[in-house]
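Two complexes, one shared chain (chain A), two partners (chain B, chain C).
For the complex of A and B:
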């Protein structure tokens, strides 16, 4: 049977996200408890987490998380990595044995800095350089999959129920100010760790519930701009769309949501002239980046978290706030599981983004009592 | 010279029904029916019949039916009756064989080998009766990047045509078709938020009120082109070629050039209007760029420029050149596209199917990273709304319809448009025939056709789980090929059914 990436596999899902607007860090226990409530929405074939603020001691370095099929794949990859990057630390990502998590690949992380003279030579920005490297590894290197490439953040994912994977990855030992999670219900049995969510590129991570019907239109547009959709998943495409609009076009979260889940024409007609002109131009120029069909997504970045639904809300999402915390999940129960009495709970309308911005993202606040991170010592 | 040509059709008149009312005589513009005083009944000169169906439809007692001449020549798979008849005609006339409308050869119709997708379980279909379903389409150049400052658009995007439905009426000139036919299409275009196209016939003074919905054409004969004409249109189309007759020009015979056609085209009454095969100021791509920019200069960069070409073998590279020459919209017309008159051998043998041309061009422009900068409009036998959906999924922004629009106005595809005797009042300038097409009725029918297709497109989109047409554009995963070779699937860029 073809592996995911060689074939497109639709799936349904559960998602959850928690962030602290003040940048105060908290451990992964809550996000595991939240996603665990929605056990029924996944089927044990994929789960994962993204966490921001977890590597303060290495925050200047790109944290590369890799899956390797075997040690020879790992050696080959490391050889290439050494050529292009200064690797300040490499180690297996700490895990613990969990009976339900099987067929575990080699899971390693590397804290790296690109060799500056190489970047200068090919005249790219550092971000572009990293993206190219990620694309090359994932589309060309056999048995190696680079699934997390941001700074001071990391993705932890695999095949299994998300709560079991959270346990497996010892997430309660990490401190982050944004956590997102995903439980997957694919309609097929890929059994491949790389296919799980979140999907991430640089510090942008996406968890997604839905099956987008605009996939091919989105993919073919992105490929004009050098993105290689190696995985054939909706999530990958959404991550690239966010990267393209945010990094290359300089769009604000509101403008991104006006592209990805654009207002209906009947709504656009009612807007103020200047706003109407802008949104109309966005739809005319970036219509191919409209994401169509059912979706509910959570996009994390070091600056914050955006939750967004398709325009006619064909997938559930509920949001809540409590003090400095913002919660978004597929079901209200997943919020109440970790926050019994939120200040406000609401169901965002289709196409209406929930934007959480970390107020001072330069200084994530780590609590005094707890260990900073779970780096192997 | 004794003619060997047998009539194509026989006319069967049910004499138990015929009451000799003589409607058929009045209706037939080809002088088929006549009243035989000796026999005291209506008879027919079958050799003149083109099977336009006018008498059949108009006969109050339904007494007439027209059949293919049942006479059979000796069967020969190589020398068909059609092939032999063509030789008889040429032996008797020494001329080029003429044909009207599009290529009707029995080549595969690729639209019919492409099937559409629908959502089941993992993705809900959307009901257009209950949910919004958006077909609005913008045609024109798109910038590489939007200039935005403080949440406001700093610089407007280049001029774009705004379509409420991704279907426009194809270029058909006043001269080739009647003013009533054009008025019908112009009104329908305005009513439904789309565009009609002047063809190379200029814009009759009655049509200026529809200027905001007109694409005005500049073709190799430059007929009817003047400052106001360019200013009045919503977009300007440079016509390089046409699917029915790639590589050759046009010829409107002098007998069709009456007073009004003469005034509109700015040529003497009764003179032949001959459009040269090439534009004599465009012998290369850089010349095209000059004409594009001359027209942009002339209209203050306020209108998108369309360049229309026929689908020929090297269409992908040609389209790329056109995009780089500065065209805002590329229009490609496939080998089944219609015409008022074309040499038969050219119509039936030159060019390629639009399905392949479209797929090749869309893929090529994407490979070059310039697909989003230009719009792609295709034509060349769009027969129904499913063809429209398939074309957009293959990569078109919009389509144009000519033959389908004329059929809506009453055309019965007798394919004798070049004879100027169109009994339905469409492809004629004979005042007695022109008035048969009531523009009020014509406009309603043309608008109804757009309405009907719009509803059907929405249903198909909803079935796929899509609620805006832009998510269909180039979405080839929504297509599967049936009964196609590996190579055909590869060029079309679609998977096989079952894959």
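For the complex of A and C:
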């Protein structure tokens, strides 16, 4: 079977996200019911979910989710994993039989901590160490795909309609404070398990409806910073752009939006001088991270959720709030399916981010983490 | 009048039921608990009436030719796509590409509308489609508009809010836009010009505001008491010389 990268897949899709601003956890039932309403936006060739706060008992450890083509791929990968990490727990990800979900790969998860001796030796932060491992697995190891690598969060995805995959992965058994979902409509190829959304790196996950025409320009820029776009799908670059701007450059959600969905030059001319200077500087330095083409994305992280549309809004999105909940979806019906009477419903403008921050998580945690190297081994 | 609970029906089952009710001679149908079912009213002919309670899915009333639809809730994308005749009254907001390529009939929206409303709307002789928006419109309003009438009333606008977004009338080459209030020329596409309204224009506006006020139980005189401007295209063929000079 040809995988993505060998064949191009333009897609039209559905996205939905729910978060609780107080960090209160709820099960995966709502997000399944929400994405199911938009069944017609997908065609059964890809669906997936990202969930935050689901592994409280192992929250100090990176939760690696893997697909393996066969058991020999798995053994080989585990050998490398054990050389570089302390593995505190490994298990198959629990699933149930669903008739529409076929050709299932081996799906395993590992809770790990990098060996500090190795981190010190190559003088990297823990995050960089993880990223390098993810890049190596996905671009060099055969038949192994590491699709989720954050702490206390996880991605669950595959080939099928999203509501069937939610059932397959038994998401009603997990409790999370942010859930995002994606229903896929690839039109040119069969689709494969690794090519489904969300795409994730560390705790940053992306679901995306649209098509990125700036993929090549974005990819070349990211490669200078060690990101390898192994999957050649447009959404993969968005995940890395957010990791780069948010974690490494410390950008605020607004500055990230001004980079990837920069206002048109004629809008920049109308800005106040201080604002204009900032946006012009961003365009000058990070012009290669401007994302062109139609898109509507939802980016999850442990601190919250950002929804963003391309600047001329060529894809739909609707947002709503109800008490401590924030909802964003491709269609209002997907929100009403789980929240009959929201307090406010609105259609965000193109290039205008909807930002949900989980309270008490507003302080940047990344800089602290860089100081803290692993203590074991 | 018949009522139909749409709760557990997908769009196919719902639309089959709607069509079978209407073909049995029922003239008024109430759909309860609609949430996201697409294509309601598509291609329907005749003079029946459908009352929707809930959020109808995208492409509501596409190619519709005659019926009346009331929506008690917000509508989604693509309402009235290529609609030929009939009336849609939305007691809420409507999203992007409302009235896409519409060529006849009337749309009345109590609240706000999204991006690219009335894109490619067209008119011919007596067949002039009409869109009346009670609130405000998003960017690219009336993009490539070729005919018909669009009216934006901007009722209950908040401070700083604008009647229409940017690139209003971009590529417009026919028809007319009436705005209740003014617009910054920087928001306009370069194919349209701002004009004062005439007595004849006010008569046209009034005709549709009468309907709007009746549907949404508002004071017609109060709506008409504020001044209007109109936007019309400079040229019927703005791109006639884009690729060739003859």
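Operating definition for what follows: the second predicted complex is superposed on the first by the 353 of 377 C-alpha atoms of A that agree within 3 Å, B and C clash if a C-alpha of one lies under 4 Å from a C-alpha of the other, contacts with A are read in each partner's own complex, and residues count from 1 in each chain.
To be clear about the criterion, a residue touches a chain if its C-beta (ideal position, glycine included) is under 8 Å from a C-beta of that chain, and two chains touch if they have at least 3 such contacts.
Predicted, not measured: the structure shown is a model, and the values here were computed from it.
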item	value
Touched partner set for A:336, first chain B, second chain C, both or neither	second
First (chain B), second (chain C), both or neither touched by A:252	first
Contacts of A:40 with chain B and chain C, given as first, second, both or neither	second
Partner chain(s) touched by A:270 [first = chain B, second = chain C, both, neither]	second
Of chain C and chain B, partner touching more chain A residues	B
Touching partner for A:312 - first (chain B), second (chain C), both, neither	both
Which of chain B and chain C A:225 touches, first, second, both or neither	first
Which of chain B and chain C A:102 touches, first, second, both or neither	neither
Touching both chain C and chain B, counted on chain A across the two superposed complexes	312
Contact set on chain A toward chain B in their complex	8, 10-12, 187, 210-211, 213-217, 220-221, 223-225, 249-252, 254-255, 262, 264-266, 274, 277-278, 281-285, 287-288, 290-294, 311-312, 314
Footprint of chain A on chain B - complex, ascending	119, 122-124, 126, 131-132, 134, 136, 138, 142-143, 145-146, 148, 151-153, 156-157, 160, 366, 369-372, 464-468, 470-478
For the chain A and chain C complex, residues of the former touching the latter	37-40, 267, 270, 312-313, 316, 318, 331-334, 336-337, 345, 347, 349-350
Complex contacts: residues of chain C adjacent to chain A	10-11, 35-36, 38, 54-55, 57-58, 74, 76-77, 93, 95-96, 112, 114-115, 138-140, 165-166, 186
